[in-house]
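We call the chains A, B and C, going by the order they appear; numbering starts again at 1 in every chain.
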Amino acid sequence: YATFKSFIDNTYIRVSLPAVCFVWQIAMVVLFGVFIRYDEESDEKGWNEFKKSHNITSNIENDFYFRYPSFQDVHVMIFVGFGFLMTFLKRYSFGGVGFNFLIAAFGLQWALLMQGWFHALDPVTGKITIGIESLINADFCCAGSLIAYGALLGKVSPVQLMVVTLFGVTLFAVEEYIILDLFHCRDAGGAMVIHTFGGYYGLAISWVLYRPNLNLSKRLNGSVYHSDLFAMIGALFLWMFWPSFNSAITNHGAGQHRTVINTYLALASCVLTTFAISSMSQKKGKLDMVHIQNASLAAGVAMGTAAELMITPYGSIIVGFCCGIISTFGYLYVTPFLEKKLKLQDTCGIHNLHAVPGMLGGFVGAIVAATATEEIYGKEGLIETFDLTGKFENRTMSTQGGYQAAGTCVAIAFGLVGGVCVGFILRFPIWGDPADDFCFDDEAYWELPEDEETIPPVLEYNNHMVNKHHDTHESQFSLEES
Amino acid sequence: YATFKSFIDNTYIRVSLPAVCFVWQIAMVVLFGVFIRYDEESDEKGWNEFKKSHNITSNIENDFYFRYPSFQDVHVMIFVGFGFLMTFLKRYSFGGVGFNFLIAAFGLQWALLMQGWFHALDPVTGKITIGIESLINADFCCAGSLIAYGALLGKVSPVQLMVVTLFGVTLFAVEEYIILDLFHCRDAGGAMVIHTFGGYYGLAISWVLYRPNLNLSKRLNGSVYHSDLFAMIGALFLWMFWPSFNSAITNHGAGQHRTVINTYLALASCVLTTFAISSMSQKKGKLDMVHIQNASLAAGVAMGTAAELMITPYGSIIVGFCCGIISTFGYLYVTPFLEKKLKLQDTCGIHNLHAVPGMLGGFVGAIVAATATEEIYGKEGLIETFDLTGKFENRTMSTQGGYQAAGTCVAIAFGLVGGVCVGFILRFPIWGDPADDFCFDDEAYWELPEDEETIPPVLEYNNHMVNKHHDTHESQFSLEES
Amino acid sequence: YATFKSFIDNTYIRVSLPAVCFVWQIAMVVLFGVFIRYDEESDEKGWNEFKKSHNITSNIENDFYFRYPSFQDVHVMIFVGFGFLMTFLKRYSFGGVGFNFLIAAFGLQWALLMQGWFHALDPVTGKITIGIESLINADFCCAGSLIAYGALLGKVSPVQLMVVTLFGVTLFAVEEYIILDLFHCRDAGGAMVIHTFGGYYGLAISWVLYRPNLNLSKRLNGSVYHSDLFAMIGALFLWMFWPSFNSAITNHGAGQHRTVINTYLALASCVLTTFAISSMSQKKGKLDMVHIQNASLAAGVAMGTAAELMITPYGSIIVGFCCGIISTFGYLYVTPFLEKKLKLQDTCGIHNLHAVPGMLGGFVGAIVAATATEEIYGKEGLIETFDLTGKFENRTMSTQGGYQAAGTCVAIAFGLVGGVCVGFILRFPIWGDPADDFCFDDEAYWELPEDEETIPPVLEYNNHMVNKHHDTHESQFSLEES
């Protein structure tokens, strides 16, 4: 059956993919037309008025200059980081980086709308106003769906990925609203809202889409030398720019500054324990690129909540230390276990890079929040850091810690339940997903160039041409044909 | 004839390339010595005096902090973006990224001089003063010639490229002077001055250099799997950093802020329509990497003029929507048509990525400018945005729109006429360009490493060594020879 | 003997590598716990107090906003720049980028401690406080050891590299203390403290570790087409971000601004002379990727000291001009000479990229410092630029120049003596270094994926499957096995 399936050619997406792209993009045009406007710091008139009303004399006070360098780093992480991290398969690199490009480009537009409706809708004008912070948040929101893609890599069609993203962004906006607005949690780098949610969302979808005969494509489910190097580009850009990711929307001043330091230290520490466990796990102590590319990033995830808090430099290093160990063990033992026992196929191992470190990060954040004191932060600092104003003015730190922990659970729940529902939607036989023996194969959705080996050596080719020319006195036109 | 040509070996550049590099670089030393000085924000004494005279108390007001992050992004686009986008050919990746490196490094020095003479020459001292904005403009100016290189890729020698750049930068400075100074147009991201000019300049040169027997190198005029991935690195860095490109020299504050938002949205929208048209064009809906790498960038080009204006977020998305369609259609139908009917060989398809979207962007800018009102921008904002001071104080917005449209035409004219002239110069048989059967081949200008297939497997090799050792009782030294 | 060595398999690092990683990382946790705290600009309470005590009204005055964009660029240079530059070998790309990742992640933690003890230890509290500038300095400090790795690439084990880094960072902190604090030199981009030291440190180690039979691995000591392209990614990110490297810790305002301009110009100039000499050196004028990847960076090194001074734009171009020539000649003649006559094997040619240009940069800096006048810098500017305060208030410029020259000599001495000592430590037969015929081979320390050629073509495979299916009427399960 599996083999015949590929003859029916259900990877035909000539109608469905263009239809989805066009219809959804036209919807974006309409919805943006109705709802989206510049905010007061990007509007020409608005900014001039804002400066006057706030007695600002210098343009450098525009939020743009506080956020733009971080934004560009986050943007690189989304498109090159996630994209190239997923090029590690020997024959799915086009799909890895290409579909990542497609769904992120769609997701960020949809995210501006969804997050806008929940967080920035002006009740008077009925408009959403956007600025640089909105763009960062939109990129963040995409990340949830891109993480989910990691579990599905090579097994779904681009149309399915668009559906994953549509629902992923929608669910994200709702859980984010609950966690950040209703629970009033802090989660600058999204350990909860991005990584925990995205991780469990992807795992749940993959669990519903379980393919018992996936080993028909086993020959392609692995890397080659140069595809691992491409993946290393993605991994390093994620690793290097994670301090920007976690600090991109933290408080101006010491907040951003401290977040960068904490994330930087945790990531460095994580690299050493990753190398250690990777080496220990092999007979001769050889290292495994899968671990280096992935587990060394886990600390960035796990610092997603706590990095902006006063976790202290050595606290950060301890988090990194543990994450390298946990994540590498995950790749060694948990992913194979999940596949065998839970029938959960997780191509990139997002369980170990996002789901578990994200959950861990949520609880680390809860602990650090619960132990925050005025002595450490100063009175003013405590209020600023946790935004204890308005109706949250009297919240105690232990309450805050409790809400942070509850937020993590909400993220898990949204991921699992949402993922199962979306998984069932994706099982309709209309999405053009590949047959089991056609997984992990760019041939399914891409016009591929000829193989490298088919380049004839130049000199031989030329000599051949010349000899042929001399021997047979062929005309120039016949030469061109050969 | 074509075959014999390669025996005459006219790719000998051992004299011409070093001569051009040395002579022109020495000229740079002399001209920089005579003309170029630090401006008042980079000069030690000057900045201290500037701060006093302008009552500035903080160093953060130095233009450096407004522009430097964007500058570095633009720099990455010029060297990694353009460079790696041109590595897509299976055997011309060294030439793609390497010659791009050479001509950009030359071009930016020459640009500082040319743009300086036209825009920043102090009439009293006779000196050009440079700062961070000059560096951005120099990078921009190079971009024009790098775009032209895209049409010529694989068919010209590095010496010819130096000539293309010398004249390209010169022509750029003149048309820029006409468009920005005389016509007083706005063109922050250079839809007109960079992309329209660069696109038509390259196309005109390529048209003059038409090679009827180019299909002798047909076997090399295509990509392989990994060369397409390298090109994807270039494409993504261009795509991600295009908001920085368009905003790098816009007005401080809301100007830069808004330009980023507009470019970001247009690019995202463009990706979806590119994927849609690419999929629709193939029998089974398969995607083509050429489209993904190129057409998804067209929106950045088309927003080059309008991005800094109040085009509105949905206006930006509409521009992106159209560009993805137009550019992908260009790759599917127009480029083949141009080659067959107009005898115009355009290796990278700059017609669809730069020339047409640039022209489109010029006219979009004209329309948005013509419809600008005080209601939208505020009185102050309108004056600032269009710099309506001095002798342009009383210019109406419809006049401004007219000049913007006229500026686009000037850019086309300079590109076409300049390109034809330079093309004829390049036809002199002294430049070391490759024979028709030696195009698209790094062998012509690079010492290439041995082929990958020649790596002997380690264990076999070792066993072989050991056996040999055991069998023949050779000494260790003879082993070393083998 | 050499051949047999590989049978003894001394690349077993399953105990030593994890042990070193764990023990040293635990030491980091403890030492960070005892010593490292946030500084007043990253501490929540501290920053609020700092703002009050300094009458600062805006968070934009936090040093974070002056330094962060440069920091991220430096971070990219350390991990992607150095890492990918070392992927050029055909079968040591994993080791190039992977071990670079490991030792940089360790080195930066150790550097924060070592540099902290020497420069930022609070005598009252006994604590080191860190901020964004500390992170930049830690990255800089790593660079010294990463440069040394360049000379050792392919010939040492990761455990040895950890030792190289441990001592490298320690020596760095001491020489830096002598040069910057005792001698009171200026060396923003580290021509002396980073490049001269790192270069000679690596060369001295490599000299002690000389392998007479290294040509047993000769077949792997070279590049392939795509490995050269990966290396080009590293080279370009180094080249593009070198202005950030040199300016990252210079004075706010005109200082950072000028440093960027000078470095940018010198690098551009260097590219042209590199291409010229590379082309001149080959019979047919063909270019060599080794030169392009390396020599074009030499100007960044050589501007390490002088870039922040008023060297003038044309002075910068002259430095770049000379560096391209000197460095390329180094690759052509000096490296082979060193190997044959001095028995010094320098895999990446750091002699020509770091040691010599760094030394040159130290002396250029000395000359530019010695010729500084109040007329050029202004009285205030001269004091600020050379920090002539406290006990250095009355230092003359010629004295400063003398100290700068002396500093260069200190860097050389530390590199050579330190390197020889570390080299002898590395000769203990306990570190798991590879046998002579196992050098330049990732097989020694990495689980490698199967070769690319082993991917069966999909269609053949499928047809094969189908035929098999039709012919033998096998069940679906038997299909799965095949």
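Please note the rule applied: a residue touches a chain if its C-beta (ideal position, glycine included) is under 8 Å from a C-beta of that chain, and two chains touch if they have at least 3 such contacts.
Computed from a predicted model, the values in this text were never measured in an experiment.
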Size of the rotation, in steps of 5 degrees, that lays the CA trace of chain A over chain C: 120
Interface numbering overlap (same over half, different under half) for chain A and chain B: different
Chain centre separation in whole Å, for chain B relative to chain A (CA means): 30
Residue list for chain A, restricted to those that touch at least two other chains: 60, 65, 69, 91, 226, 233, 451, 453
Residue ranges of chain C in contact with chain A within the complex: 9, 11-18, 21-22, 24-26, 28-29, 32-33, 36-38, 41-49, 51, 58-60, 62-65, 68-69, 71-72, 75-76, 79-80, 83-84, 87, 91, 93-94, 97-98, 101-102, 105-106, 108-109, 130-132, 135, 158, 226, 230, 233, 432, 445-453, 455-459, 461-462, 465-466, 469, 476, 479-480
Interfacial residue positions of chain B with respect to chain A in the complex: 1-3, 6-7, 60-61, 65-66, 69-70, 73, 90-91, 213, 215-216, 219-220, 222-229, 232-233, 236-237, 239-241, 243-244, 252-258, 260-261, 264-265, 267-269, 271-273, 275-277, 279-280, 282-289, 292, 296, 310, 312-314, 317-318, 321, 376-378, 380-382, 384-385, 437-438, 441, 443, 451, 453
